[in-house]
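The block underneath contains the structure these notes are about, expressed in structure tokens.
By written order: A, B, C and D. Residues from 1 in each chain.
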């Protein structure tokens, strides 16, 4: 089969666009989802959109393997963050008996 | 002119003696109230003694103002020195004290009023330690402002006064003390911020070349007065530029708030009414003078162009303050409030006099600063005496006091008529010269202002009639005349008021040289 | 002897009364007899000295003066020096005035010993008399404007203190206040005048100013300013000498003790205005003098019209004083310098006498009423008197002489001076027109004679109002009687001129020759020779006229009140509105109260309101709008109420309140805001 | 290569010392009994050693681990400041009642604190974009846990939750921005970025987005409006000691990193302008962005602080406002401004810690954080009242306290850089700030205590710590040349 011209030869911009979309989706999730777990998922999306950029840049851009390396680190960080976050969520659940962001708003002006 | 005690200059002593007193007070155990009172009295008393010595050694012919050579009792040390780095020039802040004809009388006034304030604070029983500690801190602040010749130092002393005053009004004041205190605080703080900005602006605009040939930015007021020191391209460089006018206005407002000049005056009545007597005395006796002093010391010589450009504005505000203050005073039925408004009116005369940029006017103005200090201090003490005995301040609460308290009435009469500007008492002399000088520069404004003396007469005489004349009310049959302590506060002031009224020559001689020089300097560089 | 020693002597005369004042104020209570003798002695010695000074001075033509530096300005390099001096000037004018003041003062001191015996503040009273004498002498002796102004105010003070002597009475303290404030208005004008002079000449001394003027150096190079300065300075005189329109305080001043009225409000202080005009005569332009003349004329006339209908014995005298002062001022205005000043002197004598006499009467009435335990009857109302002649012969006969004198009957001092004034006015109008002036002058002369005799007759002649009271009334003691006799003697012509029909030949007239005007020809008044020539033309005519008119007035009073041929009441009724107006002093007080006093009060209220509401409530709009907000938070009410603080607190507070709303506590809202922040920045960057 | 490693390790000693301390803390927690005391002593000792080592680094200006970390005066200055903060926080913690309730887990508390400090050390030194991000995350993640340390409390739990979500998103922004930056410049350390910018960049739009996203990332750390929302809630919910730590140390570190990033890569190279690419590139207005953000921060934070009823919240807003004042210095893009920031940060550390310390003591004694409960405190415990008054007055910027000096220099720098409008706003903000600071003072002194409220007293140790804090606040107010001189010289960074 024949691919449309703009898809024929995938290049840096394609990846960047995908990354941007991922980022936006992640942000959207963080802002809109009421379940904290979902919010954390959104955060993962955001971080990985960055990873995608790094990898793309080192594939097409001037970066050598640095991009991949950075991506690895970021994934580790994301994992650590997720771990801590889940612990905290657990604690939240014990205190509030819910993981609904809306309800956890006792600290305010 | 040099004078040192234990190798420390006399001005440093004068400024920091109260701080020493404060520390001692803080060490005295709480129950030992008299010890604190005596400490405060001692500290301020010594201060007064030194001030008198200062007066004795003072050289009347020295010019001062913008001429480092002819300042007296100068103490100049490097305070903050930061050597230059590639991106910032050398930083220099001086510990620079000195007096000239402009400040010498103010120093004396401050010392005198401080002592008298302590004497009249004797009756204060609430939190004595805190009271005297703050009081002494306040005194240091005031004294410092009058002798500082480095803008940074000046500003520090200026702001140091603020908090003690806030607490002294806020804790020891009358029923609405909180409101009065915060109002005073906010007004003055706004002024302070304005001054700070101008100060920094000047700092970056002024740089002199020191011995080592390097360009040094400095807060030294005397360098700021030399237009040659303004760095080309800096914001306050040049003459009659917009920035310089803005700076002038900002400075003017920050000082006018302290004076207080219409329309920045509304904090004054409240502060006066609520403050305890000694603090009212300090407030009226010294604090208000800081405003006009600051103008003469800083605004006039550093921004002469602005001064000349805005002289009519100053005169007009002075005129309004005179008439308006007198009218408001007439409408009061609270004794203290009446005096507060009369202060506004009298400080208006100062403003008018100094706006004229003439010898007589300026001398009259500074003399009026001193006289208003003594006279109004007396007036507030007079109210205080009555308030201590009856806990009433309303003008209609009294009557016929004259028969009951003859000594008190006699002194009150002297003070009142001095405030009214009766010849033979000091008030007249300074008003006379302020008006004479002003008339030289502003015909109409002065003529309108002169009508103020009629209103003044009216409200003073009304007060006398309501309080002292007429039939004595039954409830006042038991009033006792002045005690020895109270006489002690009044007599010195009264003597000064009468002496300067009969023979102002010496006082005028003290400041004549400096002020003539200032006027000439402003007129030459400003036009 | 050397004239310079006169200076020392005059200083002594100046400071003796002051010493008296100080001693009495501090030790008065502890001295025997509360120290009245001390004050009196001081003044008597001073009087002796003053006599000496006068006699020495009159023998020599030139005047002597001395000055002492009071303050110095400038005088540093590049700045000129200005020196301000206080000093003494003794010429014939001041020498004569000196004697007049001290003489009356001394007599009043003696009289007061009797009159105020047992008063609550006896020693205080004598102290104040001393203060007054000192201040008055200051005005007389000064050689410069500043010192004159200083003492000008000081006499105001002592007058204030003495009028308010019985300050328990509201009316007394009110009168005192009124006097001071009304005077202050005049003084303000005077002060402005002085400023004009000083600012231009940088000196206060008369000689220096006159010198500069005669050299053609006008204030601000303009004749208008000169005239203005003259008139403004004259404002001081309008106040002090109770000239129209500032005359209102003098009648009220009668609240003071009668001897005080005699000294201050008849003989000396009120004459200070006249003295000042005489002192500054050279710098008045023709226009200024004309204004002065008219002010004097108006005052003289309407005061006389009021005097006619008064019933309070002191009020009648007060109004007649105003009228006579108007006379003097008018005389100076038309240039009859010597005449005007001479009238001051003679008037001082007989008007002081009249007041002391009335004082004696009131004293006697009081005593009688006291015996009757009658506290309602007004001891000063002449309707309660009559027939006192038999009981108080000394008082009557002296009073009679004074009345003759003031009415200008020949052989009295009054005739001499008044006749000269009339001649002066008439001569003036022959030269410059203005026929109104002599017309008024003659009318007033007639009216004076009428109302003075009305007073005399109603008080001393006829039957006493309450026959049982008459026997209780007794002649006053000698200490009060003698001063009356002395003054009576001084109201005779011989002391002023040996020719009973011509003052001009008398020593006083000679001594007071008119000084040369120093203003430029164009605006100068007509010179003395010219005026004198005109006077001598009309003199005889005037003399006859004046006698006729005086006698006419006298006779008319006699017919109305003694013989009762015409009924006073009928005439009053016939006059209708005129009568009411006159007896109500043409409603001046009412009008002033309505316009000025209430006006000022309203103004004060307005400005006070302005202060509280506008200035102190800048943008109260913001205040009220966010008032709700300040309710929500309790603290703001008791911390910031109004003013700039209020504005700041409420306004910023309100914003703060709104802003807090976004701190909802919901993390996702936060993130939304953050993301928006990010987007806005990015968009801005990418578009600009 | 080898000796480079050796040398690097030698240069890296302070950080190593910290790691050792961290481990020691864990061990001590396991073996020692009566933990709270002893563990804290161990940590204190460790920090002390680190301090000595840091002192030894003064004057160095090198880059180690092949341009990963710079050891230069700038870094040393901030390390010193951070250590001061760390030491004080540990001292606080020893006095804190809150923590005693969780004394079983106190070991991990100190461990985490040490960890955070370690992360901050990296932040101030890092020159490699990746390392920057790692350090950033290291501090953040440990802080999340610390914020929720008293996990039994609802507010504490909520605080940590909000903190981690907001923090994670912001770090997402940061890393995404970094990814773009890396992409457009092809460099992974700030020097490379600088060279690339000077050489010129084609995709300016991408560059702009990258810079803005990085700014967002930093802004969260230093609480710049509108990226500050987490701060008030977290500060209120977290234990006082941690709040103090976050409000001071982590802000200082954040600023340090931000300064280095902009100073090295953007500032002294008139970078984008030089090679005259299209107009956009010539005017990357990052300093204007920062100026505007600073202005907004100052105004908004001060206004919102007006109404606070909880003292910790109040101080939270005040610290946000101060971030605004400090940010002015960077917006000027002058070294003078940066030195002013450093002076401000050093002084701010002491006065803010002081205020928080008083809050902690009050919470210990009276168990309250409500401003209303402060009424009459000045009468009940003059020492405490006066100290608090001094700290607040310093925060408001009154002479003769150090706070005034801080303001003088930041205002001064702004004026000399000609940004009058900014300094005018700063002045206005200062006036507004007075209202809420003075309100606390008023409550303490102008309001009499109730009869029921007796005097409040403290043990000498607490007082000693207070004095420790008062001395710099007052002393630097009247004699500040040392700090100024130090700050001015410490602007030198490696590679500039």
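Basically, contacts are C-beta pairs under 8 Å (C-beta built on N, C-alpha and C of every residue); 3 or more make two chains touch, one makes a residue touch a chain.
Computed from a predicted structure; not experimentally measured.
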Between A-C and B-D, the pair joined by more C-beta contacts: B-D
Centrality ranking, top chain (CA atoms only): B
Whole-Å gap between the CA centroids of chain B and chain D: 43
Inter-centroid spacing, chain C versus chain A (mean Cα positions, whole Å): 98
CA centroid of chain C to CA centroid of chain D, Å: 78
Rounded Å distance, chain A centre to chain D centre (Cα mean): 28
Chain D residues counted as touching two or more neighbouring chains: 161-162, 165, 169, 173, 232-233, 304, 307, 431, 435, 442
Shared-contact residues (touching 2 or more other chains) in chain A: 27, 30, 39, 101, 104-109
Multi-partner residues of chain C (at least 2 other chains): 639, 648, 660, 663, 665, 667, 671
Chain pairs that touch, as defined at the top of this document: A-C, A-D, B-C, B-D, C-D
Residue ranges of chain A touching chain C (in the complex, touch as defined): 27, 30-32, 39, 101-102, 104-109
Residues of chain C touching chain B in the complex: 25, 69-76, 78-79, 82, 146, 149-151, 153-154, 157, 160, 164, 167-168, 170, 173-174, 177, 180-181, 184-185, 187-188, 191-192, 195-196, 198-199, 600-601, 603-605, 607-608, 611, 615-616, 638-641, 643-645, 648
Touching residues on chain C, where the partner in the complex is chain A: 660-661, 663-668, 671-672, 675
Partner chain A, residues of chain D touching it in the complex: 130, 133-134, 137, 141, 144-145, 148, 151, 153-155, 157-162, 164-165, 168-169, 171-173, 175-176, 178-180, 182-183, 186, 188, 232-233, 236-237, 304, 307-308, 313
Chain D to chain C touching residues, read off their complex: 161-162, 165-166, 169-170, 173, 205, 208-209, 212-213, 215-216, 220, 226-227, 229-230, 232-233, 285, 289, 300, 303-307, 431-432, 435, 439, 442
